[in-house]
Amino acid sequence: MKITVWNENRHEKTNPVVAEIYPEGIHGTIAAFLEDAGHQVQTATLDEPEHGLTNTVLQETDVLVWWGHVAHDEVDDTAVEKVVQRVHDGMGLIVLHSGHFSKVFKKLMGTSCDLKWREADEKERVWVVDPTHPITEGLGEYIELEKEEMYGEHFDIPTPDELVFVSWFAGGEVFRSGATFKRGRGKIFYFRPGHETYPTYHQKDIQQVIKNAANWAANNNTPKPVRGNAEPLEDLSR
Amino acid sequence: MKITVWNENRHEKTNPVVAEIYPEGIHGTIAAFLEDAGHQVQTATLDEPEHGLTNTVLQETDVLVWWGHVAHDEVDDTAVEKVVQRVHDGMGLIVLHSGHFSKVFKKLMGTSCDLKWREADEKERVWVVDPTHPITEGLGEYIELEKEEMYGEHFDIPTPDELVFVSWFAGGEVFRSGATFKRGRGKIFYFRPGHETYPTYHQKDIQQVIKNAANWAANNNTPKPVRGNAEPLEDLSR
Amino acid sequence: MKITVWNENRHEKTNPVVAEIYPEGIHGTIAAFLEDAGHQVQTATLDEPEHGLTNTVLQETDVLVWWGHVAHDEVDDTAVEKVVQRVHDGMGLIVLHSGHFSKVFKKLMGTSCDLKWREADEKERVWVVDPTHPITEGLGEYIELEKEEMYGEHFDIPTPDELVFVSWFAGGEVFRSGATFKRGRGKIFYFRPGHETYPTYHQKDIQQVIKNAANWAANNNTPKPVRGNAEPLEDLSR
Amino acid sequence: MKITVWNENRHEKTNPVVAEIYPEGIHGTIAAFLEDAGHQVQTATLDEPEHGLTNTVLQETDVLVWWGHVAHDEVDDTAVEKVVQRVHDGMGLIVLHSGHFSKVFKKLMGTSCDLKWREADEKERVWVVDPTHPITEGLGEYIELEKEEMYGEHFDIPTPDELVFVSWFAGGEVFRSGATFKRGRGKIFYFRPGHETYPTYHQKDIQQVIKNAANWAANNNTPKPVRGNAEPLEDLSR
């Protein structure tokens, strides 16, 4: 499977804490464990030409991973349109953490995608609420993150097609942390954890979720819908 | 309840067949039976200033009904934004027939909303598949329309929150004809029937569905979500 | 609307703590605030003949509220069958707290309905995750219960039709606390709070939820499905 | 993957038409194409001891396929309990055609599973309504069956987790023909076609659906929920 990991890659350049945790960038860390899983992985970042998302790159991408935060507005609308179109055509999409506010995710959801948040080094427990889902393969009953940014309800998304994880935070909030959506022929997975100042993407069970999600999101030859003006089954004048 | 019926109102001006079926416009016919049901109803049309959708009108609207077809592109993007925002804030929305391709509906869905279609005077049966739903109150097991335009799958919408009706067409197609969606605090109902050259909105059971949908879509004081930076439950340092 | 509140009514007879909180029984407290809301309410309890659930009572009940805990096994299978049948025929059902393990609920769900639990006087926050739902009318963004029994995931229920509330517990767990299900023509709402040793059902916002749920669950004349051998639309030999 | 194909195997013994279409039994035909797909397949039938569903067989089965019709009542309740328990524990289940009325399916659904039907050699079109679903891999936009028994709405099942197929019938009905459900750790797929007097299971695209469904239904090491009395995260007295 061909995976492209897209990252805004700004915090890594300006915040030494982030640079130390992710010396190769968040995209580099994610790409590495996906490669170890046997996939063909490339990365793309905001400051590359066309944000690294050329037509060729997108056409060859089975699953796109997206991390963004402070520079959502700098993502060009044309690139957004192309990504959305590719999802409709069957490309899988994994949206991570603050990517909830990306243009791509908001456009695919049709809602504000707003939420409640707090940076307070809080303990998070990501509970599995759907123990049939392939995205949970190999996990225990929850993932514990010693310190993370809090995201709380109400999370303004459409009703997920499947609710896979719900997070608990020490400060009193809950959050629908893992949710799937279908748009056109494309499958989308939103996964909450991953604030840039914590080593979340180095944690094995978090990596497991993203690897599972990539397998789940890839579209293997499902039907291509036929739309537009149609011929009837047979003579309707009978 | 305050209802606004919006109509493109173009076919009525150019096609004598439509003008004869709907001398007061499609909006006039729909407004009349909603008024008879005891609601406070006003209409708005494309060619009015601001398409009749001023801030005041939208603020006072509990449920908006939308019919459009040939002039979707003429609807101003600012108006679209305002309608979408009001849905997020709790206004109900009923999208009828070719409104599936309206800017408002596509923006709220995040998909192409494309489908298959045919104009061939076909018999349609709109089957109830959710006999618990308040939108089906007072109906029999199906609604029969002697002649209608065909809409067929694949209908490119997100998985509906609730699937209420599925249509059968004589020419060999099926269609998810009645579907609900939630976006923000707003409830949306898409209802398929209503091609302009047939007297569909004069049929009693079709009117019943639209009246039921208005009651269902109105938001009666549900919680207003609090979002943004949040205080924790208590001292997290413990 | 005619509501029947069913209660096992055993803790009230044997535990002085419960008797002091609910001198009229849990059913008495619930019946009182539903009556104040203008409904016609009667109660029924385990130790009455036929558990108080005669054919006449069930036929005349629009919405049944169910609380049980230590004596699920004493509920007669015939009564269970009759309740399930009435739900299929359109009676609303509100299942409270430990009623998750009642024969009626398990039979309607098709799962074990098992969960995690702890009695430790924990703070609970019941968060609204669906701010469009009529069951949340009049609430704030969450309900806080100073002390409650903990229920935790995984809660072994089918995917709810609608997830309305998710609870946070001080001890580290989350729980899908308010969930709706459709079975036949009947609507079911499960609501978590209400351990017998806490004054939960005296709290105003909890009462509001149960009142809202009764309005939501009542079936107002939706279609009665026709099943069995059927005649075709027309001559199939053509 | 280990698959067990269960068949009532009665029509094959009494009806020469069926015996001619399925000389090895419906189970034999289905087992053969699943074996060709590389799976380890065994069959089991009603008249074997324990209906062929011994503890050992069930424990070793990843996915169970079920076809039954005239003898649902002869299936022993103990066997039903064991199958249901194995589904809860993670075994996949594919229920075919008249299996909608099997004890196993009804117990897992919590509804009557009743429907409308007609035997009239009708054309059926099984339309794909979810072109993201792995169960549709390799198909076109619909499957056409020249002659089948009609099944029509209302089909009394809970709201499916996913609606994959909707059927059109020449006589005027529609039917939710392919639907998924989750129960415990188990995944269930109901698939409508397969009346015993037609060669439906010899058709390639029908075989493709059943092969896809087996891959989809197998549970590959998802979490085993922990339930019962639980320890808190930490000292709650703080």
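Order of writing sets the labels: A, B, C and D. Residues in every chain begin at 1.
To be clear about the criterion, contacts are C-beta pairs under 8 Å (C-beta built on N, C-alpha and C of every residue); 3 or more make two chains touch, one makes a residue touch a chain.
Treat the numbers as computed from the prediction; the structure is a model and nothing was measured.
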Minimal step count in the chain contact network, subunit A to subunit D: 1
Given subunit A and subunit B, the chains that contact each of them: C, D
Copies subunit B and subunit C touch via same or different residues, half shared test: same
Centroid comparison with subunit D (C-alpha atoms), farthest chain: B
Geometric centre distance via CA averages, subunit C-subunit B, whole Å: 33
Rounded Å distance between subunit A and subunit C, as computed from the means of their C-alpha atoms: 36
Sites on subunit D at which at least two other chains make contact: 125, 128, 130-131, 141, 152-154, 159, 161-162, 172-173, 182, 184, 225-226, 233
Complex interface listing, subunit D residues touching subunit C: 84, 88, 107-112, 114-118, 120-122, 150, 152-154, 156, 158-159, 161, 170-173, 181-184, 225-234, 236
Residue ranges of subunit B in contact with subunit C within the complex: 90, 123, 125, 128, 130-134, 136-141, 161-162, 182, 184-187, 219-226, 233
In the complex, subunit B residues that touch subunit D: 125, 127-131, 141, 152-155, 159, 162-163, 166-169, 172-174, 176, 238
